[in-house]
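The next part holds the structures, each set out as structure tokens.
Shared between the two complexes below is chain A, which has chain B as its partner in the first and chain C in the second.
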Partner chain A sequence: MSEPLLSLRDVTAEVDGVNESPSLIHRVSFDVTALKIVALVGGSGSGKTTTGLSILRLLPVALRITSGKILFHGEDLFALPGHRMRQIRGKDISMIFQEPLNALNPLLTIGQQINEVLICHMPLTAKQRRERVLELLNIVGMAEPQRVAQNYPHQLSGGMRQRAMIAQAIAANPQLMIADEPTSSLDVTLQAKIMDLFRELRRSLNLSILLITHDLGMVRHLADEVVVLQAGKIVEQGPVARVLESPRHQYTQQLISSVF
Partner chain B sequence: MLLELKNVTKDYPIKKFIFGQKGRVRAVDNVSLTLSSGENLSLVGESGCGKTTLARIILKLIPPTSGTICFGGRDLNPLSARQMNPFRRHMQMVFQDPYDSLDPRYTIRRTLKEALHLDQTLVKQTKAQEERIQHVLRSVKLPEMMLSRYPHELSGGERQRVAIARALMMNPKLVILDEAVSSLDVLIQRQIIDLLGDLQKTFHLTYLFISHNLKIARAVSHQIAVMYQGKIIEIAPTEELFRNPLHPYTQELLAAAVDYQAVESKQHPINPTGQLVDKGQGHLIFM
Partner chain C sequence: MTKQTKSLSELDIAFQGFKKNRLAVGCAVLLGLLYLTAIFADFVSPYSYANEDRRYSYSPPTAIHVWREGRFTRPFVYGINSAFNDYHQRIYQEDQSQMFPISPFVKGDAYKFFGLIPCRIHLFGVAPEGRIYLWGADSRGRDLFSRIFYGGRVSLSIGIIGIFISFTIGLIVGGIAGYYGGRIDDILMRVCEMFMMVPGFYLLLALRAAVPDEFNSVQVYFAIVVILSFIGWAGLARIIRGMCLSLRERDYVLAAKSLGLSDGQIIARHILPHTLSYSIFAIMLSIPGYILGESALSLIGLGIQDPLASWGNLLADAMSIVHIKFYPWILLPALFIFLTVICFNVIGDALRDCLDPMLKSGKGA
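Now for the complex of A and B:
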């Protein structure tokens, strides 16, 4: 088997400066192999987002990784100097968030925000960048890329904002996208469309996705592998079909039976 | 009949800045509905279809452009704000995001107590008030120590329980739940839906449940009404709708909610002179 794209090994995160604080995530280990969609599931507070943020070294200052390694192409992300990490963030690994209205800058147009990513990570001329912005908006299924590029986030609907954020996340051709509850704030018809877009992006851009969600219905229809977190610990992991058809752990069973 | 809506329509004026033209957008279009006591109804549809506007009209938080709303046989339209007061205690609303709908500077006790102000006879009856608070708090399965806490100290599920408790303080007949579980994770969603079922029995409630998710609507309602562009385009008993969705938009919603399948999005043209046609077994479709 080929080397995994991303491996977490015994990653533990704690609140900094508090003795004997319970760890937020405890010895979390899993792999994301190329072209796979891996789902990280659990109830609120189970450590899903903490895990996602720790991969990009974006944890709030009060939280600290106390042990473990995160390897990206075999390189330990924690050992990298800050400027090297900034090259990876947004370029090789990007992230999208649950609420695009909070994640997008209200003062910049969609086009400007995507352009920012291109300036940081791509050796393109201004003209090429303009074309690339429109191309990206087209890839994520925007009907009128020209107009959307000039719009501010508040002028777009929820579904379009989410697409704009995805366009930003794939702007620099990343290998891995971390999607933190990408559809929770959308209604069901839009959810299904965003899931379709993810499948499409994986195929056309060779993208691997780490999908953070609590919706096992979505996992069943989208992901290849699933990692179940409860209170910061992995309680079950494996291929989606096996885990969802015959869950071993009581918490996984509970999650499955909660899906309407 | 607990609640009866007849031909309710709501227009909002819009200004088009470019040409300075005035127009209007019809948020709710000629909606007629009836709710019997104990018979929960779900309003289902995508964002922007007019579900929440309709809920606000029912509570008389905004006036309809035309149409009548009867609650317990009384037409609410001509009532003044003061005359409306005795009705308010019978109709309560729970909102999507309990973090926004609870006052961050009020303790839970004060939030619950404030709801009792609608009842003049309880003023200064501190003991009766406290008993009521304790009783409702137990009913939503929250421990007593929650009373001295503030909303930020509570989890999302606990906050939504407080919002439900506040709605129940005055013993309402109708509770409107506007996307009340959408912001919660699946485990908590399931708990809250189960709780709503228990509360319906203890408090003899009727729910008007607003959601974009047909699967969740199925778990709480006897009837489901599907809204599209301000109109009710299909209404049927819950299981009948799942067995036999007639309108293409309903089929699209079902595919998305149940099978996570995106149907190639189509505009569903609405016949301007159309109306709801009875297909038998209480199943009505707009055509």
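Now for the complex of A and C:
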């Protein structure tokens, strides 16, 4: 197998300035190989989101990575200067969030917000960008791209907002998308549709996905590999079928038994 | 699903609410008229601001007649004779032997329309041998009616330009301080506090004293604008900074960062626009401060210099109680200042009512 797209090596994050504080994530190591969907599961407060944000170096001011490396194509993201990191965000690695209504700016239309990403990362003319916005909305399965592009987030339904956010995240053709609990604010039928969309995107855009979730049902249907986090430490990782069928760690067993 | 094709933004909705407030709409119309008369001051006023005739010092408002020899005629004024009374005061009397009809679009003092097209036409006036003082004359026999409109140019524009400058500085400083926080925030806010610490009017006087004497009137005008903005931006920057501190924690700011937008783009597109509803009514409520600031400076002779007019230096004459007693019309510029300030405040309050979501939900109960 070739070199992994993204690999975390012994990443530890702590609360800044507090001595002897328990680390939020402790020596977390895993790989995301190209075209794979890797699920990061765990209960609330297990450090899933912290891990996701630390990949993009977007941890809140109070938190700090104290040791470890995050390699993207073999390049250490922590060693990059700020402007290089900004080029990677959105262009190579993008992220979608749990609550799309909060993650979209209420004062800008969907079209404007997707356009912004294109301005940042793609050398396109204004006309090409307009076409690309419609194309993207089409890719994520919007029925009326023209109208949606002119809508403000509050005018869309929950599922459409989630799709709009995904359109924003894939606008610059990233290789990896971090999806932080993408379906927990949606109902079950919509969850299934978003999962279909993820599969479709992986196939058509060669997208790898790091899926952060507590929903084991989603993991079973979507992911190839799973990493189980408990209190900031990895307790188990491996192919989905193996981990879910014959969990070795007690915490994984508890997680599974509480769902199925 | 609504039928409209174009989506309503929050501002459109707020504007619809504003239109329901009759008082505020009335004030907006009045303010619009004041600005129009200021822009077209050359045309609206019968004389230029410097046109003086000392024979008519403190001439009272001229009476307009429409009745002559038992018949209606077109409006006209009589000539004015003056004599001195026992106290060496001038007494003006109408000279009924002379009659000057008021005609529309007469030729008068030359001016440049919009500063470009040379022009002599005025909205109304009388033949050059007569004088028309609708709102009386000042000590040098200049027409107060004309001078008020010319003065409006200075007084009304100073508010707009001043707020534009101080708002630009306030938004940038507040946005940067609030977004980055930490040490940058500390430094910028301490600078703001230094400006806020000094009592405004004394700072104004001190800064005015630093302006060279040889400045011409245009330079003085801009010096005053800059001085007023220099004092005004700090309070605003503090409030914007406070709003930005909470706005930067919003999810869409994190989302924008995760998409690779630069700090400048995030501040300009995702943070500052959310302070807009506050900014709009803060602008309206701050403009009177600039108008009053200019008036105060001009009133004590440190602002716009004679013969140029501003509402403040027109009022300088009214500082003596004797003048007010004998020539009460010289207080008219104060009425204009008063009206303008009231209008801006009413509009600002109305805008706050329809832009502030907190107030809106309260109103429904």
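Rule of thumb we're sticking to: the second predicted complex is superposed on the first by the 259 of 260 C-alpha atoms of A that agree within 3 Å, B and C clash if a C-alpha of one lies under 4 Å from a C-alpha of the other, contacts with A are read in each partner's own complex, and residues count from 1 in each chain.
Heads up, the rule we're going with is that a contact is a pair of C-beta atoms (placed from the backbone, for glycine too) under 8 Å apart; a residue touches a chain by one contact, two chains touch by 3 or more.
In this text, all values refer to a predicted model and were calculated from it rather than measured experimentally.
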Room on chain A for both chain B and chain C (clash or fit): fit
Which of chain B and chain C A:Q155 touches, first, second, both or neither: second
Contacts of A:M95 with chain B and chain C, given as first, second, both or neither: second
Partner chain(s) touched by A:M122 [first = chain B, second = chain C, both, neither]: neither
Touching partner for A:L80 - first (chain B), second (chain C), both, neither: neither
First (chain B), second (chain C), both or neither touched by A:V61: second
Touched partner set for A:A34, first chain B, second chain C, both or neither: neither
First, second, both or neither for A:A231, with chain B first and chain C second: neither
Touched partner set for A:S258, first chain B, second chain C, both or neither: first
First (chain B), second (chain C), both or neither touched by A:L107: second
Smallest separation of CA atoms, chain C relative to chain B, angstrom: 5
Chain A residues contacted in one complex by chain B, in the other by chain C: none
Residue ranges of chain A touching chain B (in the complex, touch as defined): 43-45, 157-158, 184, 187-193, 195-196, 214-218, 220-222, 254-255, 257-260
Touch list for chain B against partner chain A, complex: 46-48, 155-156, 183-190, 193, 212-216, 218-219, 252-253, 255-257, 259-263, 265
Chain A-facing residues of chain C, complex: 6-7, 9-10, 181-182, 250-252, 254-262, 265, 269-270, 273-274, 276
Residues of chain A defined as touching chain C within the complex: 56, 58, 61, 86-91, 94-95, 97, 99, 102-109, 116-117, 120-121, 150-152, 155, 165, 168-169, 171-172
